[in-house]
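Note that subunit A is present in both complexes that follow, paired respectively with subunit B and with subunit C.
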Partner chain A sequence: MGELILDRLILRFGRRTVVEDFSLKVADGELVSILGPSGVGKTSILKAVAGLLQPAGGKILLDGRPLIGTAPEKRPAVMVFQKPLLFPFLNVEQNIAFGLRMRRLADSKIRRDIASIMELTRLTGLGRRRIHELSGGQQQRVSLARALVVKPAVLLLDEPLSNLDADLRQQMRDLIHKIQARTRITTLFVTHDQAEALAISHRVALLLEGRLRQVGSPRELFHRPADPEVARFFGGTNFLEGRFEKGALHTQVGVFPLPGFNGNGHRLTATIRPEDIVIRERGPYDLEGRVVRTRFEGMATRVWVQSGNTLLVVLTPDSRLTPGQRVRMHLPPEKIHVFPPPPDERRA
Partner chain B sequence: MTEERRPIPLKRLPRTGAVRPLALLAPALIVVLVLFGGGLILGLPQSLGYLPAAGMSKISLKHFQRVLFDPDFFSSLGLTLYVAGVSTLIAAALSLLAAMALVESPRWLLFIFQIPLTVPHLVIAIAMAFLLAPSGMVARLFQNLGWISGPGDFPLLINDPFCIGILLTYVWKEIPFMTLMILSALKNSGMEMLDVGRTLNAGPWQRFRYILLPILLPSLGAAGLIVFAYTFGAFEVPYLLGQTYPMSLPVWAYRNYSDVDLAARPEGIAIGIVIAVGVTGCIIASQRLARGQKRRGTVF
Partner chain C sequence: MVMVALPFVPLLLWAFSDRWFFPALAPQSWGLRAWIYLFRTAPDQILVVTLQSLWVAAATACIAVAVGLPAGRALGIYVFKGKDLLSIVLMLPVVVPSLCVAMGLHLWFIRLGLAESFLGVVLIHLTFCVPYSVFVMWGVFSNYNVEFEDQARSLGATGVQTVVRVMIPMTLPGIVVAGLFSFLLSWTQYLTTLIIGGGKIITLPILLFALMASGDRPVAAAVSLLFVLPAFFTLFFSARYLGRKGLVGVW
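Right, the complex of A and B next:
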């Protein structure tokens, strides 16, 4: 079992508050990513769960039992750090066995557990290697195996892939995904890479400026961001501001029908993802503009289009557009996402 | 990327294990090699009995023999080993504690802690004499406080059979050196590995035994061997604070060498050479340890 609840957690270093009022519920067997830019306090949150950092306030509950006050070595949570931090004086096998030895388990059991975990993490055959004889990816897998083998109730992964190159990162991400699906260990996965978080998690918790901004499924965060900053974090840069009247959003650049939305007279901010804007030569269109800049990115080309006072970013498969060119754009109404208005800015 | 946020003044230390230890050992080496023998090259013939000025020109091992079979040699050797061993062990144990206490301390504290490194042994020995002699400052303080009635009540800490004064001098002087040597090992992922151990359910004793000791033992051993070598060959502290019998090997060597009887000189040099061999052995062993460590990537 391993239902983890963080309740209004406050983390401080000296007088500086790093994390404020952080609440998150992780169901048993769930993999939740804590996503956020560098320095927002992601590592600190994991350390608080592991017990390596004393929270200034709030509660941490595991299956209903409070963890704060329990020494880290008594908590059923294991943390895997950004660096592999393998013990250089032990070989691969001994490193993996470390947690089991600390529990004084029988040798035969330790041998069996190690063998199965080494198979799971694709380390079979490397047991006798010294640490400095391993590649970076292998080291990180040993570090993962060392944590998994003790079968923790909660696994805390602190950017375990960030020191690997792109290819290896992908492989390790898939491996972690697979292992988590198989073992169903409740997992908190910290990362600053949105693609990683979206690909691996059941749910994502986005942390900005020390506060939890949105929790939800990867699709929710990506397609229905709670506010413009969340949208921006996932690469959404197109914002339309205006007033909602008679089934449409009236902005300075144009009128966009929003079927299924009601609330006449409200000032609204809406967003549309760059890849959802369609540049077309024929047929109905919503906006016209002039190409300001283009950037070829391989599978798509990023195009900056000035339309009135609004600069829109469009991701299009068409790589032939050039600056100065006039283009027509279609904004599919179903792709326009309206941010829920903040309570204090609502107008009657 | 996470920025490094711990204060790490140790970056300024020479990165290799060789430079600093050699610099610190220089006085001992000079005393042993130059003062007692005018260098091995000059000393060796004399220790073999070649000293034409004294009318001796027959080369033999008899001076070494005479030294090695002298019962005083073993009491001297024992005393020297006792002083070097005990002071090294005490300093090592205290350095472990000091390193753990200092690993997260601010820079200025570390700076203060390094001050003893710059004070010569001789100065500390003289200070110890002033402090701990039966008529010294501590004894007088105790007398003024009424804890003892006179100098005679004060325990013998200088020129005493247990070499308390000598041990105190060495311990005080060597702790900062050893602490700095192991601090660098501790800062180099050591603390993080302790955290890893904690989340893997290692209790305090287990963390000490299965993480801290294995991480620190190589540098502690390397530092310990250097300190041991130094104290084994150093002359000034036991000369000032030691008792008259038995003498430590370096003092004995010096006594023989400066004896009015020129015939004693080859024996003095022979002792010096025995000391030099011991010191050199320790340094080689220390370098081995440090190098092994570097290969494993834990230290320096």
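Right, the complex of A and C next:
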């Protein structure tokens, strides 16, 4: 079992508050990512759960039992750091055995556990290697194996992929995903990489400026962001402001029908993802504009289109567009996401 | 190597000579008189003095490391007020001649009953060995990543286990250097040992000076060779062990 509850956690460094009122529930066997830009206190949250940082307030419960006040070595939560932090004076096997040795387990059991965890993390045959003889990816796998072998109730991963190159990153991400699915170990995964968080997690918790902004499935965060900042974090750049009347959003650039939305007279902000705007030569269109700038990004081309005084960013597979060209755009109504209006701004 | 070995040539010549008078370039007759004196005539005295020296140096080195380790850790890792001032204060015993320190402390040691005692000699050696040891460990801990300890704690190591199984192995090369340094500093002390030991605590340098003064060059040379052994041992040890592993066990 490993149901982890963080309840109104407050973390401070001296007088500076890094994390405020952070509440998150991680179900048993779930992999939840804490996503956010660097320096918002993501690592501090993991350290608080691991017992390496004393919270200034709030509660941490594991299966209903409070963890605060328990020494780090007595907590059933193990942290894997950004750097592999393998002990240079021990070989691979001895490194993996570290946690088991600290628990003074029998040698035969230690050998068995190590063998099975090395197989799981694809390290078989590397047991006698010295640490400096390993590649970056292998080191990170040893670090992961060393944490998994003690069978913690909660695994805390602090950007374990950030020091790896793109290819290794992908492999390691898949490995973590696979291991988590097989062991069903409750996992808190910290990252600043949205693609990583979306690909690996059951749920994502977005932390901006020390505050939790939105928790939900990767799809929810990506397609239904709670506010413009969340949308911006996930690469959203197109924001349409206007008034909702008679089933449509009336903006400066145009009128967009929003079926299924109620609330006449509301001032609203809506967003549409760059890849959802369709540039077409024929057929009905919603907006017309002039290409200002293009950037070829391989799979797609990013196009900046000026329409009235609104600059829209469009991601299109068509790489032939050039600056100055006039284009017609279609904004599918079902792709337009309207942000819930803040309570005090309902009627402007 | 030649530079290191050269000064020992006259010592070796003297130690294995029977007669060597001016202006001859080499001894007129060779012999083992000095060594016979050392191992047959006065082995007890030599042994007692060597052991005394060893104990003093070993005790000094152990205490210097025991103090240097936590102090170096605090200075290397943590940021606190007065750190610069502390480094100057630590530097003082190294800058001020040890003779002055010994003279100044002598009176106090007499009052406290520490003069002419083993403990007194160790204490006076510590006045300059501790700063050296602290400086060495300070350097080691400046390059030390405390996250290794966090990792150990998180993996289930208690505070004591973390120190014994992680911190000490990580900083071992530095600990060895600080220990050997302090040992050699203490081992080679003459003046401070003479002042505080007052002739009661006789170490090898004290004996050596006495032999030199008595004019028995071959015996003095033989004792000198004995005296220089730990330094040689240290040299070889550091070349073999530390040369390979480097000073810092962290990357």
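The rule is simple: the second predicted complex is superposed on the first by the 347 of 348 C-alpha atoms of A that agree within 3 Å, B and C clash if a C-alpha of one lies under 4 Å from a C-alpha of the other, contacts with A are read in each partner's own complex, and residues count from 1 in each chain.
Here is the rule we go by: a residue touches a chain if its C-beta (ideal position, glycine included) is under 8 Å from a C-beta of that chain, and two chains touch if they have at least 3 such contacts.
Every value quoted in this text rests on a predicted model; they were computed, and no experiment measured them.
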Room on subunit A for both subunit B and subunit C (clash or fit): clash
May I ask you to name which of subunit B and subunit C touches more residues of subunit A? B
Applying the touch criterion given at the start, work out whether A:V150 contacts subunit B, subunit C, both or neither, answering first, second, both or neither. both
If you stack the two complexes on chain A, which partner ends up touching A:E73: first (subunit B), second (subunit C), both, or neither? both
First, second, both or neither for A:G99, with subunit B first and subunit C second: both
Looking at A:S38 after the superposition, I want to know if it touches subunit B, subunit C, both of them or none. Which is it: first, second, both, neither? first
For A:K83, using the defined touch cut-off, is the partner it touches subunit B, subunit C, both, or neither? Pick first, second, both or neither. both
Both partners, subunit B and subunit C, contact subunit A at residues 50-52, 71-73, 77-79, 81, 83, 85, 87-89, 98-99, 101-103, 132, 146-147, 150, 156
Inside the complex, what are the residues of subunit A that reach subunit C? 47, 50-52, 71-73, 77-79, 81, 83, 85, 87-89, 98-99, 101-103, 132, 146-147, 150, 156
Once bound in the complex, which stretches of subunit A touch subunit B? 38, 43, 50-52, 71-75, 77-79, 81-83, 85, 87-90, 98-99, 101-103, 130-132, 146-147, 150, 156
For the complex, which residues does subunit C have touching subunit A? 145, 147-148, 150-158, 161, 165-166, 169-170, 172, 249-251
Complex contacts: residues of subunit B adjacent to subunit A: 1-2, 189, 192-193, 195-203, 206, 210-211, 214-215, 295-298
